[in-house]
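The structure's right below; bear with me while I get my questions together.
Chain IDs A, B, C and D follow the sequence of writing; residue 1 opens each chain.
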Amino acid sequence: MRLISAQEVAKHNKRNDCWVIIHGKVYDLTNFLPEHPGGEKVILKQAGEDATQAFDPIHPPDIIQKYLPPEVCLGEIDPTTSVKTSKVETEKDKRRNLAIERKPALGEMLNLYDFEAVASQVLTPEAWAYYSSGADDEISLRENTDAFHRIWIRPRVMRNVKNVDMSTKILGYHSSFPLYISATALGKLGHPEGEVVLTRAAFKQNIIQMLPTLASCSLDEMVNAKGKDQVLFFQLYVNSDRNVTKKIVQAAEGKGCKALFITVDAPQLGRREKDMRVKFVDEPPDVHDEHNVNRNQGAARAISSFIDPGLNWADLEWFRSITSVPIVLKGIQTAEDAVLAAKYGCEGIVLSNHGGRQLDFARSGIEILPEVVEALKKEGLLNKIEIYVDGGVRRGTDIFKAIALGAKAVGIGRPTLYAMSSYGQAGVERAIQLLKDEFEMIMRLAGVNKLEDIRPEMVDIKNLSDHILVPKNYLFSDVYNKLIPTKSKL
Amino acid sequence: MRLISAQEVAKHNKRNDCWVIIHGKVYDLTNFLPEHPGGEKVILKQAGEDATQAFDPIHPPDIIQKYLPPEVCLGEIDPTTSVKTSKVETEKDKRRNLAIERKPALGEMLNLYDFEAVASQVLTPEAWAYYSSGADDEISLRENTDAFHRIWIRPRVMRNVKNVDMSTKILGYHSSFPLYISATALGKLGHPEGEVVLTRAAFKQNIIQMLPTLASCSLDEMVNAKGKDQVLFFQLYVNSDRNVTKKIVQAAEGKGCKALFITVDAPQLGRREKDMRVKFVDEPPDVHDEHNVNRNQGAARAISSFIDPGLNWADLEWFRSITSVPIVLKGIQTAEDAVLAAKYGCEGIVLSNHGGRQLDFARSGIEILPEVVEALKKEGLLNKIEIYVDGGVRRGTDIFKAIALGAKAVGIGRPTLYAMSSYGQAGVERAIQLLKDEFEMIMRLAGVNKLEDIRPEMVDIKNLSDHILVPKNYLFSDVYNKLIPTKSKL
Amino acid sequence: MRLISAQEVAKHNKRNDCWVIIHGKVYDLTNFLPEHPGGEKVILKQAGEDATQAFDPIHPPDIIQKYLPPEVCLGEIDPTTSVKTSKVETEKDKRRNLAIERKPALGEMLNLYDFEAVASQVLTPEAWAYYSSGADDEISLRENTDAFHRIWIRPRVMRNVKNVDMSTKILGYHSSFPLYISATALGKLGHPEGEVVLTRAAFKQNIIQMLPTLASCSLDEMVNAKGKDQVLFFQLYVNSDRNVTKKIVQAAEGKGCKALFITVDAPQLGRREKDMRVKFVDEPPDVHDEHNVNRNQGAARAISSFIDPGLNWADLEWFRSITSVPIVLKGIQTAEDAVLAAKYGCEGIVLSNHGGRQLDFARSGIEILPEVVEALKKEGLLNKIEIYVDGGVRRGTDIFKAIALGAKAVGIGRPTLYAMSSYGQAGVERAIQLLKDEFEMIMRLAGVNKLEDIRPEMVDIKNLSDHILVPKNYLFSDVYNKLIPTKSKL
Amino acid sequence: MRLISAQEVAKHNKRNDCWVIIHGKVYDLTNFLPEHPGGEKVILKQAGEDATQAFDPIHPPDIIQKYLPPEVCLGEIDPTTSVKTSKVETEKDKRRNLAIERKPALGEMLNLYDFEAVASQVLTPEAWAYYSSGADDEISLRENTDAFHRIWIRPRVMRNVKNVDMSTKILGYHSSFPLYISATALGKLGHPEGEVVLTRAAFKQNIIQMLPTLASCSLDEMVNAKGKDQVLFFQLYVNSDRNVTKKIVQAAEGKGCKALFITVDAPQLGRREKDMRVKFVDEPPDVHDEHNVNRNQGAARAISSFIDPGLNWADLEWFRSITSVPIVLKGIQTAEDAVLAAKYGCEGIVLSNHGGRQLDFARSGIEILPEVVEALKKEGLLNKIEIYVDGGVRRGTDIFKAIALGAKAVGIGRPTLYAMSSYGQAGVERAIQLLKDEFEMIMRLAGVNKLEDIRPEMVDIKNLSDHILVPKNYLFSDVYNKLIPTKSKL
């Protein structure tokens, strides 16, 4: 391969002549600029320079080979010439480095919120914004936690609870615990190794991981990280180009993924304003540019432009034709669609509002669960389909509530990212262990020995569907001027 | 015209001899003082001086010619003599100027609250108080936003939403979006050009504007600002003098306004204490004047003394006799009055509590909507009349909720004023564009292709009419002394 | 009368030899000490000194002559000897004096909360504590305001409201407004002239005042202050000694009081901890005195020890035998007791929890109103008895709500004390005028011309009796340690 | 006994050679280390040193003789050699000492929250954490207080309440007041004398005390502290070793305890994170020790490892065979289990969630009460069993509410600990006296003369079982980043 000097690359730094260095290779991205899902601006910022650090957390390593023609690769950077610009450490960087240095011991992490608190300190602002943000006013984001708090427990006493078994089967596959790691994007924003860290921790804890389409790691990397007999599922964003979709699905099945979770709540990706705002900190849009408004819309939009808004029920037949693994619809939000999914023969559904990241004021998965169970029962379909719930699970009691109301298992996403970002694989293992410890205790305190004993009458859901105390409207309250009485000024 | 020196004018500065300069002309307002709707005090403050700056935001330019006899105009100011007093810049002015200077870029405005936040910084205290204030404890003001938050969305998935059409017809006129700009008073408080800025932005966004009776611009100015085929409606405060009312209505129709929105919720203008208090900052009433209490009541009262409290259902016949455009009643607040409006043959109603500026504890328009739809349906009148809602609309989800519950369109008022005050026409355009972007996304995420697909069953209104979590009583909480336990003082 | 020197008085400063000077007279209170309703400690603090300043706000001037034997008066103080100790001005005094000096102009008072805010600054801590405190955790105190906020208004539009009449009759007596000044104790704590200030303001505003048993002024003083044809009612705490009670009732009737309001919610006076605590500021109990606990219980207990806990329904016959004016029971709190009152022939009842000062968690008068109206209607007694409501009335909307639900009038107590304490008679007049202005406006905005037009269907009471959002438990929240996640210490 | 020098003891300071000094005796605990319920770490911290100060608050004095073989005692410390290391006073210690020095006078304590506030200042952080903490997010802990606030009172008036009798019988034993002191562990953390302080105060106030299994005092000490005819009950944690259990029960009965309260809500002890975290302050776990996670779990876990998770209904027959006193189940949380308890012939049940220390989201005892009463009534069992309630009782109104809903008496735990920790026996007496004073007043204000008069219709429980306003999720809100609008930075 041709060796190219850093000085040579540096000359190609314009919109109509744009080279970048990624992992030691030099690419001419001039023609690709207008097609880049993340917009051309983000590439132009790196034009003529080494873009590896910006590229890595957002893209799997094999993406260029997969999607771009080979001729974009012009050669390799001449290692003797490469010039690394020394970055200055800002006040914010210093604070973050101090937080990393003074990180509490892993043993001090007593619950999932502790991990989130540490993650908020040790992550870059961009990563924290991408992971933690929700749609619009983040009402649904917070509602996901609040909804669990409207369910109370009716524990039974005086039962022998020496032995407690919390293992289960999900789509027929054994799990030590009715919980799986749900798919989340851009793992390398939180940990240099990305999603494989979760894969390894899932193996250690004997639970199932759902691999994401938008992983920072390649499918191969994730599948290669798995342990003996470890079960993996695959989450799919349906690409408008159905050939691409077919290739992805068949690769996943071929690599041994045991189920296909098709995301159905994201025909367009939600607006996450925290994620969008973090862009403006380094690079405020031109104040005078009032007519040519900046369209930079955060990490979420950057990675999602390919998602097919045309996906519909009729497509299920085609999916059946290209894969033989069970199909689960992720993002069902009404009893009506749950019944349709069962009628279309789906093996499972995930009741979810996408972690509050898509449609604000979408109800939480746990709230939807009773209406779904009732509708399926009424149609005689309850035993045809497994129901999972995600969104807001942070405590063993949350899992207990979901199981009591008819869920087969719950998914968690952000908590594992936060644990991974703070303490790597050991962090993820401990986070799951804490949930297991809590859940085991709760089973004892509630007087049950196995999951089947956790019955609907053990939870009080009188107010579950009451939307009276709604998460606070922070934007409104920030701009509202409070009334104050007139008094003497002292 | 006679030239008069500034020195000459300055001598006439008393209640029984009161001249002022407005736009270079000298007026003798001595006899008009007791009739001035805003009270004589506000004129006397300017007696013998140039009152243009105080006059402009409150009055359309043609008001003196229209309502006062020609002899009040004594002549023109001799331009060689005019003395401008140099105003000192206060700390508050400095802060405001700094806020203007450091205004975020328009591209950083991601939602309507951002515009409001900037407007609160760049507006004069008087303008901010007039625009943002509500009646009494501002319970209804805040309830307008809160009520939307008690409605949750039941989105459908797996529907082809590649194409989404959000256009509609309002009273038969095309609109790109089920939203119109509602009438608001005193636009020049926020922008030197006043309401015409909104007219131009409405044209760009292809939506309808409702012109206000109490505009700072004259009707001619607003109508002249309109684009090709642009549709305008006209909002009417009914004047006690029905000849004046007739003149106004016929002028509006003559200039091409396509509908008459008669305000029915303001037989007397509400008390807005923030607006009233702002007066006392510059000019505290005499502390010893306990029996002759200051009656200065803010901008709202100043501009409204002419409104006819005698307006009633029987007047509708007369309105039909003087105009042929559709008649819409703005400010309906019960099912009973909605049914009456339909029976009286009105073409539309606006469910509204006047932005929380009139009767505190009036319910929000969105809360009233279901009871109105049900009553009209019961009477077989639902297809006879269009229903609009205003008050508290800030997000695309709010519009979705109103449409789902049966509204034809929603109106926004303050948000366009805030956008205009912060960034002029481009601001207003962006504000509307943001709502369009949000709404289009929500239609996709909810699985609908056109407005008719947005059905009542897509929203959960179980708690819409629950008044349990009421907006905070700030005056009470400010004067209440919290209890604290006795402990050691350290 | 014998002249006694200050030096002589100063020698009698012990429990077994206790003289005090009041209004220039010297009294030997040694034998009265154990019987003093306020406890002997408070007298002993003044032993040998001039007690006038401490005596005045708590006692009517004629109380000693009325209740003590003439021989306790030993003579007059020799004016040439009297020694006034110069009091040092504390930081707190300075602050209070500054607040008085910088008091806003009366014209700046825009609502009743403004008066309360000023009163909290200009009153002595003791007076503020006595006036503002409530029972226990002050839940009922705050609930009184909150309950009104759970009622929303359904205003009607398009009605001719040029003319609005808000006059009414209470027990057959004309009032310009459906509001009376309720009885409150110790007026001189707030104003040197005491309750007569309220009497004069009530005359000016043409409303009725209810005179308190525990006034600082004597009955004669209050009655003498009344204007031509002014109507006064009399509030009665029933004394255990029925001869005393009879004397009081017949004096009130004799002086022209037109109705007897018997307080029935205070067989024992409530615990008001703010009032009790204020004692400890100047005079903390001995820290080592753990077994002989200080029983000083604030102003409330001091003035109430005579109230008869034996008062019961059978006593009504006796009251009828000693007076011919209408009898109203003040403090009814259930439908059951309202029905009993009507059956016993009472002319009226006041639904009240005594301003939240007696039983904490007693419901507010406004909440009780619908259940009372319904029960009386069911028994066919609704037209036999007038119903009044007090507690928490601060706005014209509150009055509107009470009238709509069936009240004949509402009472206010603290607001007039606050207005009196801040601005004297002019303040009280303005406070009432503000309520009248608000109420008149609300009648217009609600589309009514007279009180009879204010109908139950004009208010929405769906959640009135919901106790879900309860006033905050401040004592609890002050001692509760919030949970915080573990993170890096920076 | 052999005398051993401090220098000699000091050498045995390792895991495989571990001596400690307790009350002047030297013990070799090397073999006992792995069996210590509190974990070996806490002993190793004292290895080679005098452990008395750490031992005392956690263990009754006779525990070593009872449970360890005699040979662990090696001899006595040679008093001439003992070396006391002078402890340095930290900032925290200084603050605590200052708080103790400046403690308010006992007479200033006006309610139970005052005692709690003082206790939070004068207790060691470890004691405060152990006493005040609750399970998980402490939702149930706070709910216990909140639930009482959702009950409102319907007082009756015009009843002769001169005489009020608040005495009752509990399991046939006289009590001056429907309240008992419930069992709580580790009294010496709060007061050097421990639980006997409570015993003495209970005697003075003529109420019943329930002695705890996990007392710091021995059973003998507590029983010896009792006064003439004083009634004591005994609380039992069932030991896995039933011989131990039998010995304990028979000892309690033998010493005169009149009832056996078997704790049934603690098959495993709850997670109390405040209690767990306090450990890390002095001794943070090794930051690098990510795989060998610190298992130190606070005082709660340390003392509870022996509790039998196998306890079940069938065991009741065995309990009947070993004791003749009434059996009460403490920790019933559903109507179902209440009915079972009655059917199994238990004499009483305590509705309780263990002070919110066990299962978070368990409902409060007071909420469960109506469902239990209804179920027992339906089964005809209501008169077969007495019902008690504990959790959150802080005011006389709370007791009134419980009695009205059918409780025979209420228990309090933490409040007596706080009173004891702050002011010793006098504090406990005053705390109970304050409750009595409040309750007596409430009986008067509610119009009742004896406990039987307190009827269900005197309380309004419409919203008692509504879980809409749930205690705040502090961990969540601490890590959640609030949204703020973009504005000019000033």
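FYI, contacts are C-beta pairs under 8 Å (C-beta built on N, C-alpha and C of every residue); 3 or more make two chains touch, one makes a residue touch a chain.
Keep in mind that what you see is a predicted model, and the values were worked out from it rather than measured.
Visitor: How many degrees of rotation map chain C onto its copy chain D on CA atoms, rounded to the nearest 5?
Guide: Value: 90 degrees, nearest 5.
Visitor: What is the distance in Å between the mean C-alpha positions of chain B and chain C?
Guide: Taking the average C-alpha coordinate of chain B and of chain C, the gap between them is 43 Å.
Visitor: Counting only Cα atoms for the centres, state how far chain B is from chain D in Å.
Guide: 61
Visitor: Which parts of chain B, given as residue numbers and ranges, touch two or more other chains?
Guide: If we look for residues of chain B contacting two or more partner chains, we find 103-104, 108, 110-111, 113, 116-117, 120, 137, 273, 277, 280, 466, 468-469, 475, 478-479, 485-486.
Visitor: Based on the touch definition given at the start, go ahead and assign the chain network to line, ring, star, complete or other.
Guide: Graph shape here is complete: every pair of chains touches.
Visitor: Could you list, by residue number, the parts of chain D that touch chain A in their complex?
Guide: For chain D paired with chain A, touching residues are 136-137, 139, 264-268, 270-271, 273, 276-277, 280, 284-291, 293-294, 309-313, 315, 329, 331-334, 336-337, 340, 358-363, 465-470, 473, 475-476, 478-486.
Visitor: Report the residues of chain C in contact with chain A in the complex, numbered from low to high.
Guide: On the chain C side, the touching residues are 95, 98-104, 108-111, 113-114, 116-118, 120-122, 468-469, 485-490.
Visitor: Give every residue of chain A touching chain D within the complex, in rising order.
Guide: Residues 103-108, 110-111, 113, 116-117, 120, 132, 137-138, 142, 145-146, 149-162, 273-274, 277, 280, 394-395, 397, 423, 426-427, 430, 437-438, 441-442, 444-447, 460, 462-463, 466, 468-469, 474-475, 478-479.
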